[in-house]
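Below are two complexes that have chain A in common, paired first with chain B and then with chain C.
The block that comes next holds the complex of A and B.
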């Protein structure tokens, strides 16, 4: 194997950048979609309508019990069946991650909703707000704030997990590093580079979460 | 205004309200007192349907609270409630707390709601705190904001559920002052409270509860001077003599 040669990093940057852009896009879409769908799932799980709660609960349990790689592979195989036409690895990855992360965001939002006291709900109802208005204006904003650090931490995990799309050949950052590494016969150097980039991004996001936590904390 | 007839409530096998009947006439102030666990908070929460009850009827302004056909949000919008733990919305400024239901429930315009809110803040002496968040206020200030929030809906009556129990002693007075003022202006009020000074001053009647039943329902003067039951005598002795 011989000496390391990090000169390969220079020419690899355009590929890495494209891969990273996809990784970021995937993370952002899956986070936004995951939180929205996850919140709806959480509302369904907490709903007094038993069948609805059961279905949502079953979905969440299913997603949380299967390794992500398998979910990615399964969706890649199943989505063309459902839609009747093949979708690319990238589209498949976006749908999969949104659906998968929704289950995790659901559980976070569920505990967030439950963290808001009964008294708050009573106060909202006593003012004449309907169940839905109380949820939208009083419970969910507090649930989101209470859970913000956990939601963002989950998003950092999501960002790292997106590297698993290599399984279906989507061109994320890790895949780009892999391809360049093979072309230049410098796989180790490229793996080191992508690890450094993952670390730099995740670590600064963690610091940002800590800062944000201080800023948005509700004064009680 | 408020008619409570034979209301009973069970939590599973435990009966927490036993055939309670009383009423609050328009412009009347009625104080509900009794030892903790006597069901007084549960009873007052039944009045606006926050707690369901198993038997009996409650009507507010002629509208039956327990009737499944009743539009509860609409009824509650006309019945103000003040809670032991204030329950201001911590993620909203004082101003927003006052405006939320005016805009969402009554359909008032934002500036109209804000003006009404500010005039009520003025009245409870907190105009200067309009843009603060509840967490930045003292307990007494928060409770006064909560009263203003209830008043902003122009309620036909007000329910108070131990409004001073969570307050430090030096803050109780400022909240009671607001309540006395409201009572003297003729607001219909049902108050669960142990503030017997307040009861003597403004209550027309005192309802004494113990173990889920209404043991006494008497004019305030008579209740304090000559309570009819042993239980009320023991209760009064305990809270007045220390």
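The block that comes next holds the complex of A and C.
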């Protein structure tokens, strides 16, 4: 057994907190943006306009078949060429995760939209709602509700995946733990701390999702 | 900013070495395949065992299986890589710890394959549990009534059916293994993503590099998909899935 000194956890907390704040901000922005863009992508995939459905489908399939680390590297390389100026790792990470997660939320929203029975749409049309109104007021609210547990589970996955910004050196929680570990020459203790924090957050969130799943199931 | 294209870059020699960039990518592909396939064999064997444990009548076994799954599902894969690489050797007895740190051959590869294998086993276990739960209860009851012991019921009645049911979700897990193996770059396995970053820095031809690597990952995922489809077709029992569903 090696020698451990967990007293490094105390002085590391302010750094961990700042890192965790970035991790949470990245998760929340990518979740919100991802669900909005993902829903639009889902509508495009289900639309009767064939080229639109094809393009959206191709985008989603592409994102889903490349490793996330590679997507992070791709965006970090390409964004400066598109914007004409270099961007920081943090900004790059936010853009990447929003674009990447949109593909995954799209598939969830697509099955959510398809889970709403056709009768609902027909009834909405019979009541005089237009196609768009029926989608916004009748189908999407039900799709969101049905898919809420799955959307949240995907968000937990997203929260864990944000640790991969390590590849471009963005300052998230894991990076903070890494830096403190190097400065105090206690890398092992800091890896253990970050694992515990990730576990505590993800485990309690997944318990919460499970509770929610039961309640949603009863309401439906 | 203008990009200078150079598609001939793959045939060029790397800076300070005799190899070409193509050699780097081929080495990378080899390690990606090695890590992914080893991890997949490990994940299947452990995942099937853990998934089956979670459906047994024993509370203790169910709890152990659940703990296994929750442990590996709630910590990011990258953090798990670091745990296996830096932390686990510290918890071994001193002699073993020294051996792992200094002498173990292909240390990065072994660590990454173990880590990815355990990580994926939790996901395989979840799929298999769902597959077993979806079988009609009568199958288990009938097997026990016929005098099978519980392990025999699993071996001859439950698992052969459940495994066939879960082939489609396992297909996407198998494709995920190739994608997830990219995380091994962080502990220094010289797989595709590691080579991609190295070649990008060395050659400064990032777009060509990443396009080639993306294509290689595509081929891996596609081959994995076709392979599983072949297994699914070979093991299909006509009418089984429809009857049990």
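Operating definition for what follows: the second predicted complex is superposed on the first by the 212 of 220 C-alpha atoms of A that agree within 3 Å, B and C clash if a C-alpha of one lies under 4 Å from a C-alpha of the other, contacts with A are read in each partner's own complex, and residues count from 1 in each chain.
The working rule: contacts are C-beta pairs under 8 Å (C-beta built on N, C-alpha and C of every residue); 3 or more make two chains touch, one makes a residue touch a chain.
What you see is a predicted model; the values in this text were computed from it and never measured.
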| field | Side-by-side fit of chain B and chain C on chain A, or clash | value | fit
| task | Name the contact category of A:141: first (chain B only), second (chain C only), both, or neither. | result | first
| request: Using centres of C-alpha atoms, tell me the angle at chain A that chain B and chain C span after the overlay, to the nearest 10°. | output: 110
| said: By the touch definition at the top of the document, which applies to A:6: first (chain B), second (chain C), both, or neither? | reply: neither
| request: Once the structures are superposed on A, label A:198 by its partner contacts, choosing first (chain B), second (chain C), both or neither. | output: second
| field | Contacts of A:66 with chain B and chain C, given as first, second, both or neither | value | second
| More residues of chain A are touched by which chain, chain B or chain C? | C
| query | Shortest C-alpha to C-alpha distance from chain B to chain C once the two structures are superposed, in angstrom? | reply | 26
| said: Quick check on my understanding: which residues of chain A belong to both its chain B contact set and its chain C contact set? | reply: none
| said: Considering only the defined contacts, which chain A positions touch chain C in the complex? | reply: 1-2, 4, 65-70, 73-74, 77-78, 80-81, 84, 160-161, 163-164, 166-167, 174, 187-188, 191-192, 194-195, 198-199, 202-203, 206
| query | If you look only at chain A, which of its residues touch chain B in the complex? | reply | 119-120, 122-130, 133, 137-138, 141-142, 145, 218-220
| task | Would you tell me which residues of chain C are touching chain A in their complex? | result | 1, 3, 70-71, 73-80, 82-83, 86-87, 90-94, 97, 175, 178-183, 185-186, 193, 196-197, 200, 206-207, 210, 213-214, 217-218, 221
| Which of the residues in chain B come into contact with chain A in the complex? | 45, 48, 50, 72-74, 76-81, 83, 85, 87-91, 100-101, 104-106, 133, 135-136, 149-150, 153
